[in-house]
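Have a look at these structures, which come just after this line.
Look at the two complexes coming up: chain A is in both, with chain B in one and chain C in the other.
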Partner chain A sequence: MINIEIDGKQIQTENGSTVIEAAHSAGITIPHFCYHKKLSIAANCRMCLVQVEKAPKPLPACATPVAEGMKVFTHSEQAVKAQKGVMEFLLINHPLDCPICDQGGECTLQDMSIGYGGGHSRYHEEKRMVLSKDIGPLVSAEEMSRCINCTRCVRFGQEIGGQMELGQAFRGEHAEILSFVSGAVNSELSGNMIDLCPVGALTSKPFRYKARSWELSRRRSVSAHDSLGSNLAVQTKNNRVLRVLPIENEDINECWLSDRDRFAYEGLNTADRLTKPMVKQDGKWLEVEWQVALEYAANGLRQISEEAGVEQVGALATANSTLEELYLLQKLMRGIGSQNVDFRLRQSDFSSDSKQQGAPWLGMSVADISRADRFLIVGSFLRKDHPLLAARIRLAVKKGAQANIIHSADDDLLMKVANKGIVAPDAMVETLTQVSKALMAEKQGAQNTSGEAAAIAKSLAGGQHVAVLLGNFAQQHPQAAQLQALAQQIAALSNGKFGFFGEAANSVGGYLAQATPGAKGLNAASMLANPRKAYVLLNVEPELDCADPQQAIASIKTADTVIVLSAYKHSAMEYADVLLPIAPFTETSGTFVSTEGRVQSFKGAVKPLGEARPAWKVLRVLGNLLKLDGFNQDTSEAVRDETLKDIDVTARLNNAIGGVEAKPSPAASGLQRVSDVPIYATDAVVRRSAPLQATSDAAPPKAWMHSEELKKLGLQAGTAAKISQGQGSVNLLAEVDDKLPRGVVRVATGHTATAALGAMFGTITVERA
Partner chain B sequence: MKNLINFFKSFLLLEFLKGFSVTGHYFFARHITVEYPEEKTPQSFRFRGLHAQRRYPNGEERCIGCKLCEAVCPALAIKIEVAEREDGTRRTTQYDIDLVKCIFCGFCEESCPVDAIVETRIYEYHGEKRGDLYYTKPMLLAIGDKYEEQIAKDRAADAKYR
Partner chain C sequence: MLSQQITTLIDKELKKYPADQRQSAVMAALRFVQDEKGWIAPEDMADIAVYLGMPQMAVYEVATFYHMYQLKPMGKYTLTVCTNLSCQLCGSDDTLAHLNKRLGIGPGEVTADGRFGLREGECMGACVDAPMFTINNKKLCGRLTSEKIDQILAELDKQ
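Up next, the complex of A and B:
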């Protein structure tokens, strides 16, 4: 610790920190633009000039390290004169038309110019003009003349986003921020540049001219689109969500937000929102009162369970549903005597259910990821599935951690990957077994090992804090239980921790809410493999959310009664019997349990649209109509407290698995499917967000193959190919990805273009179209 | 004694004459009331009456939808919605003033960076039914178009004091 004095205040600060950090920690503000605590120091705006005793000139506080006995004056005559001078220079080229600027009212430059700007301008010459740029559907760079060249956006891209998509070109007065060859900013974290930009140069395109910051009311919320549980400020006006911003939480999302969380709100009030309960009669949809629809649903359930047996009723929910919704759904099902309830719709291997001790979770806190020094990431489209966790791992790797990857695709993770084993899905168990064996050999002091597995083992053995993490792909894998057991083994051998990247907002919460079938019931896969007579679907779009869309749709279409609780009119119009409009996460209160087991409750930000109602209320009334006990909760908090009453959340989180033996499967014949859920196809709201759907990440799915596979099939890159699986086939463009292993075709799921296909894993045929 | 004085006062009609002298004074003095509506009092160029939205000489509306008037309005009488026009400029899609709420403080005019919203000298307007005094953007622009000459003259007269 070092003692310094700022404005006469004695401050103790850490050696190596800068003057601006010391001042901020002591509550003294120093004006600044280019400095940001999460980014590297550029010291190019010069706004933070302060006077330091014995220094001949003012020094930039952001780039001046503290020294013992230093005396700093932030408001002395010299300092203020320097700051005012800098402000005058900044305003020379900055347009002074704040009233038409979208940043007006929340602009750092505007605020600072109140304190440091002059009352009039001494500059009468022509101002610099920078042409506007189109950098994609999310970030607007319409008014680049407003840029003050602080380079925060550039540094964000380099340091946090992992790829430099914006850069500063030219010098002096001609300096400007430009995008590179691609022209667009495609990063899945690009929205953070909007927050970082201290002026109105980079603004939100969907929010452009929609509202002023002072008109918006803020509500705290939690992200519903991935398992991190990012803290959100949902900003509303006239009962409509107009913008979503991050709320800083150092342990979760720091000060960032992924584009998916930031722009998904555009999908909330689309034309296909379901706003009135609907009942199908004689093949026609009728809008009816809630009472009618609910009684219709209750009667349907009662009838099927009396006539065909209660085991003929199955309930499916997505893991994006809140804890309360999942809890009441399973309570309803168990109340009528059925155990058939599940929320793990994309999972295909349920053999771990009886062998697992608790709810699978991250296995560590999110903050622990930053502290790990060796990673083994198995089966994860990391950047697209978990954008902010990927950014955390990227930073850890920058600080010296080693990332090892075992996966069936080799997407650019924008970080240095130490070792990677890119194998076909059916070889994943084998590869992981080899790593485990190599690790054992490594521990016994084996020398002269070679091969990828040995390299991974060597990397893991050299670490102090090892993290073995299973991604969405590994959880959806047909041998998921074996992968879990192997990960456990590897973590134990390397004295590390192992865990899962939760697939959706409430992947852990679903277990806590007991929305799993238990020993007697049917899980999601068997409910759809053995068609039931009645289905209750909560938030589910079967053709997009299930592991095997073909089978899911076929089974649901044969059912006598299908009760759909959905916020949208989707393909359910074809097979449902009653549609109950429910509220998406911004319109209901609820709770999400993040992948690290953090229980976060939130309130509704706006009133439900039309006659939609929070799903927990709908389920509660449905329980009453079925005359079940324990459906008298008045608030979602009461439901939450009931759900978690006898549960010690930390004790329930347990990845340990026993009694699973890793049996590498025989190599499959023919081509295998590798399927990812594209980043903007994960849930119903995201799929309807127009700006997200306009990004390059939401491009129509293609059939990606190694060039040799393509040659074998006699196809050419860029031509149409007929992809078939089971009964269905679709025509997609064939494309080359030489980083894929041989014998696989990568075809995305969760997209309408591939909804006719079958399971996410397994054989698939590709022919010339 | 007191009774005696009162007797003479009323006997000589003193109180009556006193009152009559006031009436007489005003009868012969210069008249300050005007015969409205035939006559009207003179107005300051800063008179704050009915609102108007102005245009530039080329016909382009001045308002840029910055919403400062909406923010400053103490009576919350102004409602604005903004969107991007086809040419990329920031324009209002809705600009309503509820004259029932308005207290004619002139803050909207004061806050306007482009002199788009102004208060004119017009005070002779009325509404016959509920909602008549809810002025929308086309109405405000029409007033501006009609009285632009006067408005411009008033702004010019006031300019040197600003």
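Up next, the complex of A and C:
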């Protein structure tokens, strides 16, 4: 620590920090544009010039390191004169038309010009004009003349996003921000550039000219689209969500937000929103009163349980339902005597249920990820499944951590990967076993080891803080329990921690809410493999949300009664008997438990659309109609408190698993399917967001194969192929990805184009269309 | 694709820099491409980016920053006329006017037969010989008069 003085105030600050950091930590503001605490220092806007004692000229506070005894003046005559001078230069080429600028009211340049700008311009010549650019459906670069060339967006791409999609081309007064050959910005974190842009050059395309910032009400919320639990500010006007921004939380999302969290709101008020309860009578849908629909649902449940037995009733919910909804759903099911309730719709191996001690979670805090120095990431489409966790790992790798990957696909993670084992799904257990063995050998001082497994083991053995993390793919894998046991073993051998990247917003919460079947009930897979007579579906679109869409739809279609609680009219119109309109996460209060076990509650940002109601209220009334005990909660908070009563959340989080033997499976014959859930296909809201669906990440799924496989099948890249699984087949374009292992076809799930196919894993046939 | 000759030249250049700093060779790589085909297309920049393991946009930044990289096809002989202060005082306007009369093109243009291109350039650091131009960024011609320009053009025509 060293002592400096800023504006006469004695400040202790860390050696090596800059003047602007020291000033900000002491609550002294220094005007700035290009400086950002999370980005590298560019010192190109010159707005932060300050006077430093004994320095002949003003110095940029963002790029001046502190020194013992330094005396800084941020408001002295020299400093203010310099700052005003810089401001005059910045305004020379900047259009002075704030009233028609979309950034007006939340513009740093506008705010600063109040403090440092002149009353009128001394510049009467022609201003420079920069042409607009089209950089994709999310970020608008419509008014690039407003750009002050701070290069925050460029540095964000390079340093946080991991790919330099924007750059500053040309020189001097011709310098402008653009993308290479007018390409689109495809980063899954691109929306952050809008927040970073201090002027109105980069703005949000979906939000442009929808409202002024001062007209918006702001509500705190929590992201429903991934398991990180990013803190959101949901901004609304006239009872409509118009924009979503991040709320800074250093331990979770820092100051960032993934595009999925930021732009999903566009899917909230689509034309297919279900706004009235509906009942099907004689094959026709009728809009009815809530009372009628609820009684219809309750009677249906009562009838099936009396006639066919309660075990014939099954309830399925998605893992992005709130804690309260999941709790009341299982309470309802257990109330009528059925244990058949589950929220793990894409899981296929449930053998860990009896062997696992607690709720699977990240195994560490999110902040711990930044501190880890060795990673073993197993079965994860990391960048697309967990965009911000990937960014954290990317930063850790930049600081010297080593990332090791074991997976069935080799997508570019935009970071340096130390070692990778890219193998077919049926070889994953074998590969992990090898790593574990190699680690044991490494510990016993084995020399001259070779091969990928040994290299991974060597990397892990050299770390102080090892993190072994299982991704969505590993959790959906048919041998998930074995992978978990092996991860546990590897973590123990390397004195590290192991955990899961939770698949959805409430992947941990579902366990806490006890929305799992228990010993006597049927899990999600069995409920669909052995068709039930009645299903209750909460937020579920079976053909998109389940591990085996083909089987799910077939089973649900044979049921006598299907009660659907959904925010949207979807394919349920074909098989449901009653549709109960429920509120998506912006219209209800609720709680998500993030993958690190953080319990975060939120309030509704707007009123439910039409006659939609929060699902917890719907389930409570259903409980009352079925004359069950304990359905008298007045608020969602009461439900939450009841859910978490007697639960020590930290104690419940436990990944330990015992009694699982890793048995490498014999190699499967034929082609195996590798399936990812594309980033913008994860849940009902995201799937309906038009701007997200216009991105390249939402392109229709293709059948990706190694070129040798393609050749063997006699197919050409870019031509149609017939993909079949079980009873169903679809036509997709065949495409080459030579980074895939041999013997696999990568076909995405969660998309209507592949909904006719079967399980996410297993044999799949590809032939000429 | 980068030609064999270019990759050989780049490889030679790379030896000057640490192995993990391949992008240091970007300026040389761009020059090699320009020497070979007369200009640098976006596809060439993309190829260089792949070869040096750096972002395409970073190559583009460099290529657009420096004036001597040609980003569109120019003539077989590109004459770059200095129009900075010393040359201007010594008559670079006349140089341009004479070239315009002879070739029928202005700055930034190429003759219809593709033989000559004309550009405005920045100070070449040899003001003592003003006014001046360069041929293909390589050969410096100074103390230009109408006669001398005619003589240079005649020589180029012979080649």
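Descriptive notes on the structure:
Definition applied: the second predicted complex is superposed on the first by the 767 of 769 C-alpha atoms of A that agree within 3 Å, B and C clash if a C-alpha of one lies under 4 Å from a C-alpha of the other, contacts with A are read in each partner's own complex, and residues count from 1 in each chain.
One rule holds for everything that comes next: a contact is a pair of C-beta atoms (placed from the backbone, for glycine too) under 8 Å apart; a residue touches a chain by one contact, two chains touch by 3 or more.
Please read these numbers as outputs of a predicted model, since none were measured by experiment.
Considered on the superposed chain A, chain B and chain C are sterically compatible, since they fit side by side. Looking at the shared chain after the overlay, A:Tyr209 reaches chain B, while chain C stays out of its contact range.
Once the two complexes are overlaid on the shared chain, A:Gly167 sits against chain C while remaining clear of chain B. When the two complexes are overlaid on their common chain A, residue A:Leu286 makes contact with neither chain B nor chain C. In the superposition on chain A, contact is made by A:Pro99 with chain B only, not with chain C. Taking the C-alpha centre of chain A as the vertex, the lines to the centres of chain B and chain C open to an angle of 80 degrees, rounded to the nearest 10. Of the two partner chains placed by the overlay, neither chain B nor chain C lies in contact with A:Ala699.
For the overlaid pair of complexes, the smallest distance between C-alpha atoms of chain B and those of chain C rounds to 28 Å. Residues 98-100, 102, 104, 142, 208-212, 214-215 of chain A are the ones that touch chain B when the two sit in their complex. Within the complex formed with chain C, the residues of chain A that make contact are 158, 163-171, 179-181. Note for the complex: chain C touches chain A at residues 42, 45-46, 55-58, 60-61, 64-67.
Of all residues in chain B, those touching chain A in their complex are 64-68, 71, 82-84, 88-90, 113-114.
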